[in-house]
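One structure, as structure tokens, below. Some questions next.
Letters A, B, C, D, E and F name the chains as they come in the text, with residue numbers starting at 1 for each one.
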């Protein structure tokens, strides 16, 4: 696999949201607007890159039996660091993402990549994989957030173009499920047609 | 390729990972503790400065607790050259989606509401969250410069003077309740003579 | 502030060490129950869960593979030898090569060859139709044309030819999983070795009726006349119950029988193109 | 003698087609629809037409261009959905809102699941609730436009349930609200001018439809009656315990969407249980949830939600409530 | 009374799956059959109750006094992970039959954000049930956690019933699997909004 | 009025042949008598080509416990013993006889008079019934002697004579009851005697008032025989439904009627028993209705077994132009005829011609989950579920859990489904599959 492919496969082929169906909770919970989705995506991206790199670096030394606890410790350390940083420097984002930042720890994507990729590959590849998957995640979340924002509040990235006509439901829980469901179908259709 | 799961290996690896990670964490905490505290403080200070007339002290250091009906409320005193100019009172009425943590500022001079601000809430986006809106002509604007003594602090549906947000009467009502609670706190505070300077606010 | 750092490090490290110790003893006490080779083997399998191997899906097959002392007769028709080699590698065994097979339809009772004697109007399902009666033509052995085999095929290798009313096999897609063979109530489909260079000679008929009866029912029927049997230089053809059968392991693809058959019931598949060599 | 037809038994059919059943439902709905035309005039007619056209068009377009399959709009189920959706909207609903509702009902709640008979949730109600959550203001504005007939005064204002809900929240008692609104009597509600959705206009017209459906054996009475019984029982108990805080049985039976919901929407075959026992459980569930939402919830009306919530229990009910089977009874 | 309100709130109004978006992965993954959904719910209820109890104590008697709240995430997840392991071992020993029923779900729970989410929610969020807003005490926290798990169980069981039915119906091919599940969940969430305002 | 509790439907009864008196059909030139006219193992032919036979002569012997005798229905020469296609095209051994005259075995009493004096012992009766080749004439053609000797530990409390004839169109039993009521009463008494003198009920649907009157008159002499009027509802004549209607007992799932203390016999079976025991006449002919709106003349024929269907249609002057489907039996449970050269059998009660409009199947729609099929199912099953499970394939466990094996194939579900789903088509096939699985399991 070329380095470029490593980087791009997370966007379409192994898109964590639409193709792998991982990390559904933050996907649904934080995409009330494009910005929020992007914020969550970027936070996850950071954790993903760092944890992928570290895991791939130390995987050799970790016995099987303590593999999961070790990975969890590594991941949660990074999550906490990201959390502290956001809290310190972007407090408004911290407020909107709320509970979901610590929950990156249990986001199946992060642990999943550590398990499925990082512990079998070298640091560089793992970093690229982290970036690719993280970007894919960020992209999906942004798209979902964008669709929900447009339909729900009549604005895009905060730009209000038809504000009073938003369909509230898309900002609320049901809309999250519906948008994700239909986008997934769209994604399936688009990608299978290409293949 | 992974190391063998022997006792020492396991303890050593997990132990050292924990060691390194926790060290990292501790350092990160050390680094960010200051900014976080500042950010938190800034948030409160922001709101305080928003709801009271300009001051030159540090209201977040100048806090009194006031008890009304068995609950303690936090009051920040804002003063200008040692003269109290405003009270920022923190209250948390229950809205539609849970507590609305808000702050109501009173002008020490005339007892009018100076302004109001919402610190945090979990009202429905698009409906109840309009209580937090900062835009011109929003719900909260009604309270600016209002004198609670001469206005009925309840929504119109309940026979008061406040126009509720459409389809969010519950949030509006909660917010209004918050304001009137703050007013009670204010009255207690002023009436008890705790404040350094008693303003010309109407006393009943 | 530094006390915080200290507490942090100590606390987490202690927790980690304790956890490791506990896990160690746990691991000692409770050894892994499931053979982890099962998962590895399953990963090698195609994951079509078609049941062609005779197990309830790929996981089940993986369990059977791991449990078996010798893979031997266990074979995944979908993955073929390639997959079985992989599995054998995982399990440290030699895979047994199996000839690649393909599904062959043994009926040529198209609408032209076999006139309808009545109209079937029940549920469009060969199983239902076969349970009800002998079929809507005079041939009691031929294809019923409702396409149970088509819907049974998970690989899209079968399709119904509307003009003939018979299913056709797309040989490039067929994995020889055998699902269609099991689905056909008339046992018309047979899995046969693909043959040398993918060439095959097959009797495309299943009628066991006596010659006259069979002929009357379908103009393309094997009438059991025995001419092919006589002409075959390799003794590959046998006739039983008025029906000829070519043993693929004996057939040397000389195609003598093809032209000998008076009803044209013997077909050759995939021979290099020569004029006049239509299958249907 | 060639070409006789051969097929498995039975060789004859009852010929009570789906299309005929749907037509019967439409006939049963005719009285309410007509009464709504009488009271709300052009608006109600436009609303019906909008819903009909957009529902049928949505189904047609999806079947033709997305699923590329058979076109089955002639089975009439989309018409039923459309009419019921229109009856579930406030009379002054803007047409674009009605169109969105229709699209949601057909595209999301029905066609996504595979079309007629495959859906889990009642399409008309999904449409309505979607709108209710999306456009709370529009969907709770009950100002009734005037009718063709000048003798009929248009009634503007909140629904009886909303009045009670609001009243109770602002500290009044049930009696105060009744006193303040002299129009709120059960008699009035049976052929009413109270605010509400189009189809809530007349309990009498709805009951006529109910009887028609029963006589034509289109529906069985189990669901409807068990809803009524539960509502009467629950509101009876509550209002006896505290008549100032809880409204009584008659009021609850006759107001809001209860009649419409219990007669036409809870009985939708597709989304209700199959066995009699299951139907009764389903009905009780709807009754209880309706009253819980009415008494305690943010929404003054709970029938739509109650039916949708019970819709999702239907598969479990069907799984565990089997019909009475032959041969499993102990003979004495 | 407050306990009842906590339960109603956690089960219906703020259903952890349908309005809080926690634990969606098992919701989509372990909901193909009613029987497994029920098993999973029981396991989640058990672990969630225990975990919340332990993390509550951890937070209030260790992290807060030592002023290291920032270690919440790390310590909670470690506690949960090891707790799940312990439960697995203990169950295996004392009740093999229960282990058979629940055991297979236990590893799934470690990475279920619902458990961590509830544990964090309990120590981070203020609640209010009519009266003044406040943090939950230990008893309330555990009740809240168990009720959340019951809400999880309710939703996932209903959902599994629906999926079993969908298995037999003609859902268009592209929607089969996760998409239709999400859409069903969306409509379920919509219906559950009817409960809003009850508490 | 008496009826069964669960399910049932109300098709139009269309008994348009009810006023056609029974007439004997002219003998054909050639008959082909099937060796598989009964449930169970086919009989073994004991004649060969060239043998000459007389009416009533045994030509096939039972080849197992559940099997039966087959007698020649005509006199003449055997021209072939060979496999021939039956009405659905399956090959079955037939004895083909060229008809020559109408010479009867001498031992047969062909006198008209009623012989109501039952002298034979229980064992003699049973032996007679067996040797006369009597099988259930209600459709299932189960050998009657087997049914008449229940296991030692079971006692029959009731003998139900099934004159319900709930199938639309069919009037064979109706005519028989109207014209041979006295004989049926004796036949009933004979069978009751075999069963140890149990209470007998003759059960007739309300749409046959003449038959009820005739039977009531004929049975007035017998205090242990009672005529019951039943509500008109399909499938009232189903054994299990009849037992439920009359005794309020249900036959446990998978058990025989005797578990509910009942033996059920068709009226024609009772008549055949009378003729066999009192007149020494084996079963060689039966009443068969030839009917359908598209046929000019409605007939109730007395037909010899082995008569080709084409011959019957020809002689009765049926114009087949309009008939799209020919059915042997009633429209609900009868079999569509694929081969009109096939011949009549002991179970053939009716030859029904339906037009395309009457019988054509409509395009299959989606199940709208209306539950009408479940409401109609007299066994309390959920046909829609069985259908869906069957369609999905390999769901045999679920099908078994949902009691597919209880289906009596009455067709109520398919009849009633508004979406024209052919529920029974696939249920039937999967029922066989599931029963096979159950049987295999029992063997292990």
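To be clear about the criterion, a contact is a pair of C-beta atoms (placed from the backbone, for glycine too) under 8 Å apart; a residue touches a chain by one contact, two chains touch by 3 or more.
For clarity, every value in this text was computed on a predicted model and none was experimentally measured.
**Student:** Both chain A and chain F are touched by which chains?
**Tutor:** C, D, E
**Student:** Quick check on the contact graph: shortest path length from chain C to chain F, in steps?
**Tutor:** So the least number of steps between the two chains is 1.
**Student:** Where are there more C-beta contacts: C-D or B-C?
**Tutor:** Of the two interfaces, C-D and B-C, more C-beta pairs touch across B-C.
**Student:** For chain B versus chain F, what separation do you get between their C-alpha means, in angstrom?
**Tutor:** Inter-chain centre distance comes to 87 Å.
**Student:** Quick one: chain E and chain F, Cα centre-to-centre, how many Å?
**Tutor:** Chain E and chain F have C-alpha centres separated by 61 Å.
**Student:** Taking each chain's centre as its mean C-alpha position, how far apart are chain B and chain D in Å?
**Tutor:** 45
**Student:** Can you pull out the residues of chain A that are in contact with at least two other chains?
**Tutor:** 65-66, 69, 73, 77, 80, 84, 168-169, 172, 174, 178
**Student:** Tell me, which residues of chain B touch at least two other chains?
**Tutor:** Residue numbers touching two or more other chains: 5, 10, 13-14, 17-18, 21-22, 25, 29, 96, 127, 170.
**Student:** Going by the touch rule set out above, which residues of chain E reach two or more other chains?
**Tutor:** 68, 70-71, 74, 78, 81-82, 169-170, 175, 180, 183, 187, 190, 193, 196-197
**Student:** Using the contact definition from the top, classify how the chains connect: line, ring, star, complete or other.
**Tutor:** The chain contacts form none of line, ring, star or complete graph.
**Student:** Taking all chains into account, which pairs touch?
**Tutor:** Pairs flagged as touching, ordered by label: A-B, A-C, A-D, A-E, B-C, B-D, B-E, C-D, C-E, C-F, D-E, D-F, E-F.
**Student:** So in the complex, which bits of chain F are touching chain E?
**Tutor:** 366, 388-389, 392
**Student:** Within the complex, which stretch of chain B touches chain A?
**Tutor:** Of all residues in chain B, those touching chain A are 1-6, 9-10, 13-14, 17-18, 21-22, 24-25, 28-29, 32, 35-36, 39-40, 42-43, 120, 124-127.
**Student:** Please name which positions on chain C make contact with chain E in the complex.
**Tutor:** 4, 7-8, 11-12, 15-16, 19, 22-23, 26, 29-30
**Student:** Which of the residues in chain E come into contact with chain C in the complex?
**Tutor:** Those in contact with chain C are residues 62, 66-68, 71, 74-75, 78, 81-82, 85-86, 89, 92.
**Student:** Using the touch rule from the top, collect the residues of chain C that touch chain D in their complex.
**Tutor:** Checking each residue of chain C against chain D gives 116-123, 128, 132-133, 136.
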